[in-house]
Amino acid sequence: MIKVGIIGATGYTGVELLRLLAPRKDVELKVVTSREMQGKAVSSHFPNLRGHVDLEFSAPDTNDLEACDFVFYATPHTVAMNTAAELLEKGVRVIDLSADFRIKDVALWEKWYKTPHTSPELVEMAVYGLPEVNREAIRDAQLIAVPGCYPTAVQLGMLPLLENGLVDSTRLIADAKSGVSGAGRKAVEDYLLCEATESIRAYGVAGHRHHPEICQGLANAAGEKVGLTFIPHLTPMVRGILATLYAPVRTGISVTIEQLQSIFDDRYAKEPFVDVLAQGELPATRDVKGSNKCTISVTYSAETDTVVVLAAEDNLVKGASGQAIQNLNIMCGIDETSGLETIALLP
Amino acid sequence: MIKVGIIGATGYTGVELLRLLAPRKDVELKVVTSREMQGKAVSSHFPNLRGHVDLEFSAPDTNDLEACDFVFYATPHTVAMNTAAELLEKGVRVIDLSADFRIKDVALWEKWYKTPHTSPELVEMAVYGLPEVNREAIRDAQLIAVPGCYPTAVQLGMLPLLENGLVDSTRLIADAKSGVSGAGRKAVEDYLLCEATESIRAYGVAGHRHHPEICQGLANAAGEKVGLTFIPHLTPMVRGILATLYAPVRTGISVTIEQLQSIFDDRYAKEPFVDVLAQGELPATRDVKGSNKCTISVTYSAETDTVVVLAAEDNLVKGASGQAIQNLNIMCGIDETSGLETIALLP
Amino acid sequence: MIKVGIIGATGYTGVELLRLLAPRKDVELKVVTSREMQGKAVSSHFPNLRGHVDLEFSAPDTNDLEACDFVFYATPHTVAMNTAAELLEKGVRVIDLSADFRIKDVALWEKWYKTPHTSPELVEMAVYGLPEVNREAIRDAQLIAVPGCYPTAVQLGMLPLLENGLVDSTRLIADAKSGVSGAGRKAVEDYLLCEATESIRAYGVAGHRHHPEICQGLANAAGEKVGLTFIPHLTPMVRGILATLYAPVRTGISVTIEQLQSIFDDRYAKEPFVDVLAQGELPATRDVKGSNKCTISVTYSAETDTVVVLAAEDNLVKGASGQAIQNLNIMCGIDETSGLETIALLP
Amino acid sequence: MIKVGIIGATGYTGVELLRLLAPRKDVELKVVTSREMQGKAVSSHFPNLRGHVDLEFSAPDTNDLEACDFVFYATPHTVAMNTAAELLEKGVRVIDLSADFRIKDVALWEKWYKTPHTSPELVEMAVYGLPEVNREAIRDAQLIAVPGCYPTAVQLGMLPLLENGLVDSTRLIADAKSGVSGAGRKAVEDYLLCEATESIRAYGVAGHRHHPEICQGLANAAGEKVGLTFIPHLTPMVRGILATLYAPVRTGISVTIEQLQSIFDDRYAKEPFVDVLAQGELPATRDVKGSNKCTISVTYSAETDTVVVLAAEDNLVKGASGQAIQNLNIMCGIDETSGLETIALLP
C-alpha cells in the first residue's frame, strides 16, 4: 500500500490529485493538509468527493506527513522550498507541483519569482518530472519538480523538432491558449465568470514565469540555447491548453510532411500518454478533458518554410496532477498508467 | 465476461455508454452499430475513446447482436419497438434508452409520440428501470425501459413525499433546468453554441413527452392520479439537470423540516446513487458531472406551506447511460456500482 | 442639459449607467466617484468606454455632487442611507440603485439587511421606482428606490394576476434564474468562471433579501398580504433573469388562456418596456440582452389549475441601470425611452 | 433618406446589419429578402428586433431592390456574383459582405471557392472595403467587397509593419482565434453548443479561404509578395476575433518598442475605429463586443527579434456588418461613424 499525503489540497490541482488517487486500491490517502480549512471535511470543500474521500483537512503536521511514503505539494510557490527538506531527510519522497524546483539556474528562478531561493541544494537534487524525457532519473528520484502546464505542452510539441536539429532554435514561437483553471482557485476579479467568459485575450506578454522553464527544457533537447517568443492567452473555458507552435526550418535543411510525421510517430511510439494524430487530424482540448493525454499533430507550411505543431492537454491532468501521479507510478516501479486510464468526458 | 452490444451509438448517450463500459474488465464490447457510420472507427467519431475502444461501427446485423448477452438501444424512439422482439426471442436481454417501452398506457404513448406502437406486448413485459423503485423486477427482466432524464430527477425528488402521502398530489410543480446535451447530437439550429449559450428559456410549456412518463411514476408512488405542471428549461451548459420541485403540503397535515429530512434520509439510506444532503447544503449540477449520482436536498417554505425539493443529476449518466449500466449490473447480479464509481470532474 | 453624477461606479451597474448615459446629448456626466479608484481614468477600468467617457474617478466630494441635478447611487447598501440626505437638502434628486429605500417597513429592512437603518425618514419619502406601477409618483419624486433585479421581473409577471384577483395569493411561487452578473463585480470564489460555469444551482433557499421587496409589491397589487416561495438560481451566463412564476387559480374562479392573454395584453399595452408575447411564443433572456425590455408570456396549466408566467429581462438593464434611467427620464418629463432604445445584442 | 435593401438577411451578419441600421433616422429599410422566410416577420426570426423592425422577409424581387439606393448582400458566396450586375446597371450601389469580389485574381478565387466566377468584370470594378486603406476609392465606388473577418483583423495589425518595411514579409505568422459566430447560423454538428463549448482547436490548417484575401492585402501594403502562415482557431465564445501576429524583424533593421508604438499610433491617429493601446495594455475581445472598433497593441520580443501584434475586433461588426455600414457612410459622404458609436456591452 502506497501511503500518500497532500499538502495544500484546497485548489484545483489538489482536487485533481484526490479525484485520481481516491479510487486506487493500491494507494492509501493518509493526510490532506490545509491550514485554513483545518477540521473541515474534504468532501464539504469538494462536493464531488462525497462518498469517495472521508478525510478532514488537517494542519500540516510533520509526524503525519513523515508517516507517508510520498508527499505531494499542491501549494503556491515558496512553500515546498521551505519545508520539503525535513520530509526528505526522513526518507519521504516528495512530488512538488509548484515551481520551486523546476529551474536549475537558481539566479534565474529568483529573478522570475522575485524572492531568494531558500534551498538551492534541493534544486540540484530535484528531477524534472517530464517522463517523456527523464523517465530513468524519475525512477529513483527523492524529489520531483512536476513541470508546469504550459511547459508540458510546449516541450512535448517541440522536442522531436529540436532533438533532430530540424528547426532554427533561435526563432521559436509558442502561442498557447489556456483555460481559466490555470489561474487556480483564487478569488481574483480577472477570473470571475463575468470577466473571463465570452472573451479571449493575451496576457503575460512582457514575460511569463513559464518562459524560463520552457527554454531550459528546449535547450536541453536542442543542445544549445534557444530563443522563444511565448504568448499565453486566457481562453473562456475551464480546462485545457492548446499550444500552437511555430518553428522555422533550419537553413539548409528541407523537410517533408511525411518525415515530420514519422519523426513524431517514432519519438512517442512507446509513450502511453502522448498521442500523435495522423495527418489531417487535429487536436481539440475537449478530447483530453479529464484525461492524462497530450495529443499532438504536426504540419508544415511550405509558404513560410515553417513547421506548425499543435499540442493539446488538460492543464490540470497531464499539465499538473495527472503528470504528478505518472511520476508517482514510475517512482513506485508499477504500471505507469495506474489510475490514469480515465477516458475524457465528452461532451 | 458479459458480452455487450450497442445499437445506434453515435450520439451522446452512446459515447457515455462506451466511456463507462470500455474500462470494465468484466464486460466485452462485441458490437457497436450505426448504419451511417458503418466501417468507421468508433474512436474517430469520438476522439476521447482513442486507445480505449478499438471497434468499428458496423451495420446492425442480427447475428452479431444475438451473440451478445445484453444489447443497449441508444437510438431515437421507434427503433427498439420495431427490432427488439427478435433479439429477445433469442434470449438477448435488452436495455432500451429510448422512450419506446416507458409508458404502460400504449394509447397515451401513441398520443405523445404521434405514431402507432408496433409492440404493445413488449411494453407489457418491459420493466421500468428505475432501481430505486423497481430493483427486484429489474433483476430478472428481459427488457428494460431506462427512464428519461427529467423523469429520473423529478421522480427521485418527489417519491418520498408521495409515498408518505405528505403532499397534495393534484398540484405538483416541477421546474426543471437541463443542459443542452439533453437535446442530443443533432444538427439543429436551436442548439448551436451561438443560439443556446448565454441565455435561458423555457420550452415545451404546452406539453413535453416526459410529462406522461413522470406522472405514471408519481401516480404509482402516490397510489392515485397526480396533477403536475412540468416546465423544462434549456440552460446554457452541456451536462446536468436540476429539478426544483414544489409540492403543497396536504390539507390537514403538518410537517417539520426535521421530519422531511429524516423521511428523505431513510428513503435513500441504502441507495448507492442517491445522495441526500444535510440541511443547509444544496445540490449543484457540477458536483455530479460525469457521475451516476442524484443529489437531493429538501426544504420547507412555511410561508406557503410548500415542500421544496432540489434534485441534481448528470442527464447523460444517472439520467441515461449510467442508469442503463446500473440496470445491467443488477440484471447480472453483480455489484450495482460496478464501473459507476467515477468521481465527478470538478472544476 | 441634465447634469448627472454617479457614486460608486466601479461595478456592473455602474458601467451600465455609463454605457447608457455616455451617448446622450441631453445628459452631461459631471462626476463619477470611487474612493479606491480615485484619479484613475474611468475608461481604463472599463475599456469598453475608451473614447466615450473621458472622466476620471474622483473621491466623493459633496460640492461636485451638489452641482448635479441627479445623482445615482451604484453602491452597496448602507451608503445611500448615510449620505443621500445631504444631497437631497441641496435639491439634488437622488436615484438609488441599492436596497436602502426599497422596503417601507423599516424593521423588516433591518431584519434582512442586519443593520439599523439610519434614515427612516428618507424611506418614507422615497418612491419605489417601478414605472409600470408608480409612474405618476416618480414624476415629482426627489428620491427613487430603484427596484431590485428579481423584484422587477417577478412583479411585472405577477401584477396582472394579482390586480385582477385571479389567483390564490397565499401560494405564489417564483422560480427565478439569474446570470452571474447579479452577484456584482466582487472577487468572491463562488463567482469565478471555474466555479460558476457549466452548472446550475439554487441559492438563498432559506431566505433572500429580495423576498420582502417582492412581497411588498405583490401585496400592494393584491390589496392583501401574499405568501410567496421564492427560489433564485445561479445560472451559468453573464446577463439575464428568467422568472418562472406559478400561481394557483383562486378557488371559485375559472380562467381561460384567452382571458389571461388579454389581461396581460391590456395591462401592458402602453408600457414601452414590457413586451407581452403572443400565445405560443416564449421569452429567452438572450432576446433582451443589453436592452431595457421585460418580455412576458402567460400560459395556463389546466392539469393543476395553475397560471404559469414567464418573464425575462436583462438584470443589469431593466433590472437595474436601465430602469434607473427610465426613472430619470420620467423625472425630467422627457420621453421615457430616451437613451433606452438599444436593441439587444443577438447572438 | 438613404433607401436600403438587404438580401439574405437571415444569418448573423444580417441581424447585425438590422441592429445597426434600424435605429437610424437617416436610413430607410425598404426591403429584407429571404427566399425561405418569405412572408415571415423579420422580428419573429430575430426576436431582439421586436418593436424595432416591422418588415417581413420578402422574396428577392428586382423591382423592390432597384428602388433602393444601396443593397447589402448578406448571402453565402456565389449569390452576389450572379445577381449584382442587374442592380448595378440600375444605379443601385452594392455592398457585398460575401467573398465574391474580394480577390482580384479571379483564377485564385476560383481555386479557393471551387467554382467558376461568373462576373470577373465586377471583380475588377469592386473596391475592397477596408476604409483604413481604401477610403478614397470607397467614396465613389458602385460595388464594395467588404473584407472578411479574419482579413480585417490581420491586415489592420500587420499594415504598419509592412508599409514601413520593418519586417521580413516572407515569414509572417497569424495565429487567429475566432468566436463561433464566424461559422454563421448553420445547423452543423461542429457548432452545436455541446461540440464547441469548453474547448479550443485549430482548423483549416491545410488552407483557409481567408488566406489569399489576407495575402493580397498584405502584399499591397508591402509592395511585394508575402509569405504567411495563417492558423485560425475555433474559440468557445460567440463573438470576437483576436489575431496574434508574429513578424520577424527584417535583417539589417533594428527596432525599438518606442518606434513601433509611434508607428502604430501615427498610422491610426485619425482612424475612428482603430484604437491603438498604450504600451502595457492588451486588447481583449470583450472590450469591443458589439462595437465597430479594432483594438491593437504592439510589442517586441527581443529574444527572437520578432514583432508581436495583437488585434481584437467583433467579427460580426468591424469584421462584417459594422464595416459594411462604415462603407455605406463613406459612400454617402456623411459622418463615417454614423450609427456605429455603439459602446461595447461589458460584461
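Labels A, B, C and D are assigned to the chains in the order they are written; within every chain, residues are numbered from 1.
Everything that follows uses one rule, which is that a residue touches a chain if its C-beta (ideal position, glycine included) is under 8 Å from a C-beta of that chain, and two chains touch if they have at least 3 such contacts.
Source: prediction; values computed, not measured.
Peer 1: Farthest from chain D by Cα centre, which chain is it? Let me know.
Peer 2: Most remote chain from chain D, centroid-wise, comes out as B.
Peer 1: When chain A touches chain B, do the two copies use mostly the same residue numbers, with over half shared, or different ones?
Peer 2: Here the answer is same, because the shared fraction of interface numbers exceeds one half.
Peer 1: How many angstrom between the C-alpha centroids of chain C and chain B?
Peer 2: 39
Peer 1: Centroid of chain C to centroid of chain D, CA atoms only: how many Å?
Peer 2: Their C-alpha centroids are separated by 37 Å.
Peer 1: With chain centres taken as the means of their Cα atoms, state the distance from chain B to chain D in Å.
Peer 2: 46
Peer 1: Quick one: which residues in chain B touch 2 or more of the other chains?
Peer 2: In chain B, the residues touching two or more other chains are 12, 181, 185, 194-195, 197-198, 236, 238-239, 284, 286-287, 289, 347.
Peer 1: Can you tell me which positions in chain C touch chain D when the two form their complex?
Peer 2: Against chain D, chain C makes touches at 12, 15, 19, 22-23, 46-52, 181, 185, 198, 238-239, 275, 281, 284, 286-291, 293, 295, 341-347.
Peer 1: Quick check on the complex: what are the chain A residues that touch chain C?
Peer 2: Interface residues on the chain A side: 12, 180-181, 185-189, 191-198, 236, 238.
Peer 1: If we count contacts the way the header does, which residues on chain C are in touch with chain B in the complex?
Peer 2: On the chain C side, the touching residues are 170-173, 175, 177, 179, 194-195, 197-203, 205-206, 227-229, 231, 233, 235-240, 242, 244, 246, 248, 280, 282-287, 289, 299, 301, 303-306, 308, 310, 312, 347.
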